[in-house]
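Just so it is clear, A, B and C label the chains in written order, and each chain counts residues from 1 on its own.
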Amino acid sequence: MRHRLGRTLRTPVGLAAAVAVVFLVLVAVFGPMLLGARADAVDTDAINQNPGPGHLLGTDALGRDIAARVVVATRLSLELALGAAAIGVTGGVLLGVAPALVGRRLGRLLTAAVGILVAFPSLLFVLFLATIFGVGARGAMLAIGLALVPPMARLVQNLTASVAGSDYVAAARVLGVGRWRMMTRHLLPNVAEPCVLFAATATAGSLVAFAGLSFLGLGVQQPEYDWGRLLNEQLNRVYVNPLAALAPGAAVVVTGLMLALVGETLAQAGGRRAAGAVPKSGRASGTVTASRNIATDVDTLVEVRDLTVGFGVGRAAVRGVSFRIARGEAVGLVGESGSGKSLTALALADLLPVTATAAAGMMVVPKAGTETAVVFQDPMTSLNPALRVGRQLAEVAEVHRRATRRQAWRSAVERLAAVGIPTAERRARQRPHEYSGGMRQRAMIGMGLMGTPRLIIADEPTTALDVTVQRQVLDLLAQARRDSGAALLMISHDLGVVAQVCDRVLVMYAGVIVEELPVADLFTGARHPYTRALAHAVPTMSTDLEAELATIPGRPPQPGERIEGCPFAPRCASAEDRCRTEAPPTERRDDGEGSVACWFPVAARKEAIG
Amino acid sequence: MSALQVDELTVRYGRMTAVDRVSLQVAPGSVTGVVGGSGSGKSTLGRAVVGLAPVSGGRILVDGADAKSLRHRGAHPVQLVFQNPYASLDPRMTIGASVAEALPRMPGPQRRDEAARYLDLVDVDPAYLTRTPDTLSGGQRQRVALARALAARPRVLIADEITSALDVSVQGAVLNLLRRLQREAGFAMLFISHDLAVVRYLCDRIAVLDEGRLVESGPADEVLRDPQHETTRTLLASIPARPAVPGGQEAAA
Amino acid sequence: MSLTAAVRASEGARTALRHHPWAAFVLRRTGRLAVSLFVLVTASFAMIHLIPGDPVRAALGPSADPGLVAAQRHALGLDEALPVQYVHFLGQLFTGRLGDSISNQMPVSEVIADRLPNTLLIAVPAFCLIMLLAIPIGMGAAVFTRDGRRRRAELGFAAVTGVVSAVPEFLLAVGLVAVFAVAWPILPVASQDGPLSYVLPVLSLTIVPAAALARIVRVEALRVLGEDYMRTARAKRLPARLRYLRHALPNLLTASLTVGGLLFTSLIAGTVLVESVFAWPGLGSTIVQAITAHDYPLVQGAVLVFGLGALLITFLVDVVVAAADPQSTIRGN
């Protein structure tokens, strides 16, 4: 955190925050020393003067210089705000961590109590406490400070509760780490950042609250004065000398903004939190710039040549991918995370994020929306939780087939029934949360079948599902393909899943297709060392129990990493010098059943030895 | 005497019974696999054994002694390796400190050496001691989590779906490591997984859970060759058929 | 009813609740409301006893006649035992009486009935305006600047709403007065005087929360636009109008409503200051005057009404949001 703070201070926001802090401290320290006498000097000859050369903002009812008073008031205003914030933050942290330290029952009681207290508006809280403590600066500080306790405590409670529920705290508990050590080593370090941010916000908030209370006459009392008090004194002269009323107000706003800036800087220095606040780049538009030419022959449904997808300059995630899919064919696209397989699929469905840049020498795909159906990985999040499932299917027909509402609804119910949803009539009227995971994925498939799909793109359709329903969803996909005659592109990391459904497999590694092969060869006849290793890295029901599993040392290159030669060379046991310098071309296999991009394909080497 | 003996264990959350009177044993130096679909209670069972889930009935014995009575002396005699290596290491701690936390009391320099030794044991470069988890890959993190669990010198190790969050190409390496360590050190292990093929590779015995109940258990090869319970058959059938093993498809029919 | 029948009935209710998570949620939430109400009532009762020294002496001044003080103490029931006073206080509450004001001897309930409508007359229009402004602006800003396009517009939006939402309402009120009533006198300032006199108070209450809410709505909208189901809507090639209005907006509303409810309770508080600036005869300025005048029965009454309003609104919002978005709310609780 410390070196990150240094880095943040060098950003424009950080620099501004640092300057702001220095400025506030200087004004608060030297203001009263330099201008104190002038601010208190009563001058009966110059009562209620308007701004002029002698008095920049005019004078008040006793002839005192208002500009000087605004500057001098900085110290008291800041002191009171910091004092109240200190009370609030200290109380809030103590009350917030208490439930984690005391017993379960008492902890629950504390949580409930804080939950009830936060429901009351904080100003009401302040007024209530101000009534009890009486009118005056000290009472107001206590009131504002105590009113900050419940929201702060709620924040700390929520944060500690989420950290306390994390696996690493569970692991520490199993290791016998004591309560105190748990608090100081695991809980507090992990909640500190948002608390610091909240403290900055709380200081700004109590500054404003103080200004409000003093303005109402409930805070600072004469002869002391803060900004709120000055505002209170000058408000009735707003028609005569508006500047005198606006100046203390402006001081409050500017100081509040400075404190917000400080909070912002601390949050940025916190790093992880700031990164979380940046919205993840949504999957909006982002179209492949390609000539959508006509396919080379009538049997070809999809033809892609030299597809590249990247983020920013030089960060290519898909680096020149070419393949074709025939009508009605089922093709699997396998690879590990970061291999570019999902981006390839998204490019095909024209669903790339707008931040991605994509280009292709040639790209022939059926029409998106009506002729291409897409099934995503997580059915829990892919259906809109606010809309009835039937509606989400029906709207496809309404938009693309111009069906009436009633017709569309009827065909939605039919589709739901067709994908095996029992009592479809009733189920169509439910919202997704009433469906199980498997049923949601069925509904997603049904949604794709609302059009007349010629291509179904399924991106890890079973990964998020329970093992026992995986099979059913795969069977349903196969059935949908049979019934509609559509081709299928199945993206998966699981070779077994692909082997079960597909005719042909494309293997991707580091943004390129390293091998294309018929599914029958996937486990026994692969030529590329990567495909071979992948097929044996995970045990199957026929794995030799005495042998070690095949492993691939190292890790796959990150998207955008500079790659020279064969991308797999650093992890490949049979790599030679040539592999590290020269990228292997994709060559058709002798039997024409597939292709491989490797200088030393496995079968070829065997022949050479034998 | 079993290394781990679970008797009639019941775990309830409110009205929901997550684990329902489950009994099983793990012999010293052996591996028992616990399989089931999601919601079968297999993870809750593992958490209950190490005291992370509320036990509302039954007993847990480690080497014949009640686990609760063993608790008072520092680390739990049963250690758990969690599913998600991205969540199971404190992001604010160096991995050296995380592993050292599991070690018994000893002087500083010796502690450091011990932590380094455990990292070395799981094939992680001991030079990584001072790194924080965010600089490590998923596979490396899972190795560190394994090192931390072993550093507490557990009588029994529980591995809860430890490869399901990892990339395919590193799963095999972690499984090889776990099998090697288990055979060399000879600790007893409860291996929780939904993947029967992985369980078959690692385990001597298999226990099948469904809706919190133990529905079948026995030696691994017997259970897989001749499954008695419907749940076991469904699980077997859900393994994607590979061209080399047509058995799975037949079981589904 | 026999015991078994009672047991069966309660079990029936329990099964019903298990099958209707929303009903169970409303029931739990009602329980919390009841506890909160109890806390509110007890706190406002306790207030007068927590004040250091003699509240009556404080109200009437140090030079007041001892006989008068004693009479007032008796009128407030302060000469009785604490539990008796509490029961008496609760009894009064149920009949809608809140005692008499010390400063003008009027029944507190009458004072409140007189002032509360004035507060609502500016708070309710302000609330509607806030929602009508913030949701379209926030959502528009999100759509306009999503995926990091138009960085400059995004920064401008963040800067303007950030600065505006940092301005306290009453300072904005003073600023508005300085501009629209002093520098460029087109609008009336003090007191109720025709529809135009509502403009400045309502605007003072609207602008700051609207900016704050617009920021939140934008962040929420960006989150919604990045959800998987929005990608599904794109995959279906729905026209943009349908994607935003039918698919994004409902999901956005539930989140905005939760914040909106909190906002309304803070709006009640905002009226306290804004009313003081405009000398608006509402409940907010009344409570301030009552505190300054040590008129404790009136403070008590006003605190009760404000607190009750806040609790009821958050309750309603929670219940409505739970009905609209059962999954997230009920599981989250």
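We adopt the following convention: a residue touches a chain if its C-beta (ideal position, glycine included) is under 8 Å from a C-beta of that chain, and two chains touch if they have at least 3 such contacts.
In this text, all values refer to a predicted model and were calculated from it rather than measured experimentally.
Taking the mean Cα position of each chain as its centre, C sits at the greatest distance from chain B.
The most central chain, judged by the distance from its Cα centroid to the centroid of all protein Cα atoms shown, is A. A separation of 31 Å divides the Cα centre of chain A from that of chain B. Each chain gets one centre point, the mean of its Cα atoms, and the points for chain B and chain C are 51 Å apart.
The residues of chain B lying in touch with chain A in their complex are 37-39, 47, 50-52, 71, 73-76, 78-80, 82, 84, 87-93, 98, 101-102, 137, 139, 145, 148-149, 152, 167-173, 175-176, 179, 194-198, 200-201, 224, 234-235, 237-245, 247-248, 252. Those residues of chain A that touch chain C in the complex are listed here as 112, 115-117, 119-124, 127-128, 130-132, 134-135, 204, 208, 211-212, 215-218, 231, 235, 238-239, 242, 245-246, 249, 252-253, 256-257, 260, 279-285, 349, 351, 353-355, 368-370, 372, 374, 376, 378, 381-387, 392, 395-396, 399-400, 431, 433, 444, 447. Remark: chain A residues 166-177, 185-186, 189-190, 272, 336-337, 466-468, 470-471, 474, 493-497, 499-500, 519-520, 522-524, 533-534, 536-543, 545, 548-553, 555-556 touch chain B in the complex. Per the touch definition, chain C reaches chain A in the complex via residues 32, 35-36, 39-40, 43-44, 47, 50-52, 146-149, 162-163, 166-168, 170-171, 174-175, 177-178, 181-183, 219, 222-223, 225-239, 242, 246-247, 250-251, 254, 265-266, 268-270, 272-273, 276-277, 287-288, 291-292, 296, 299, 303, 306-307, 310-311, 314, 324-328.
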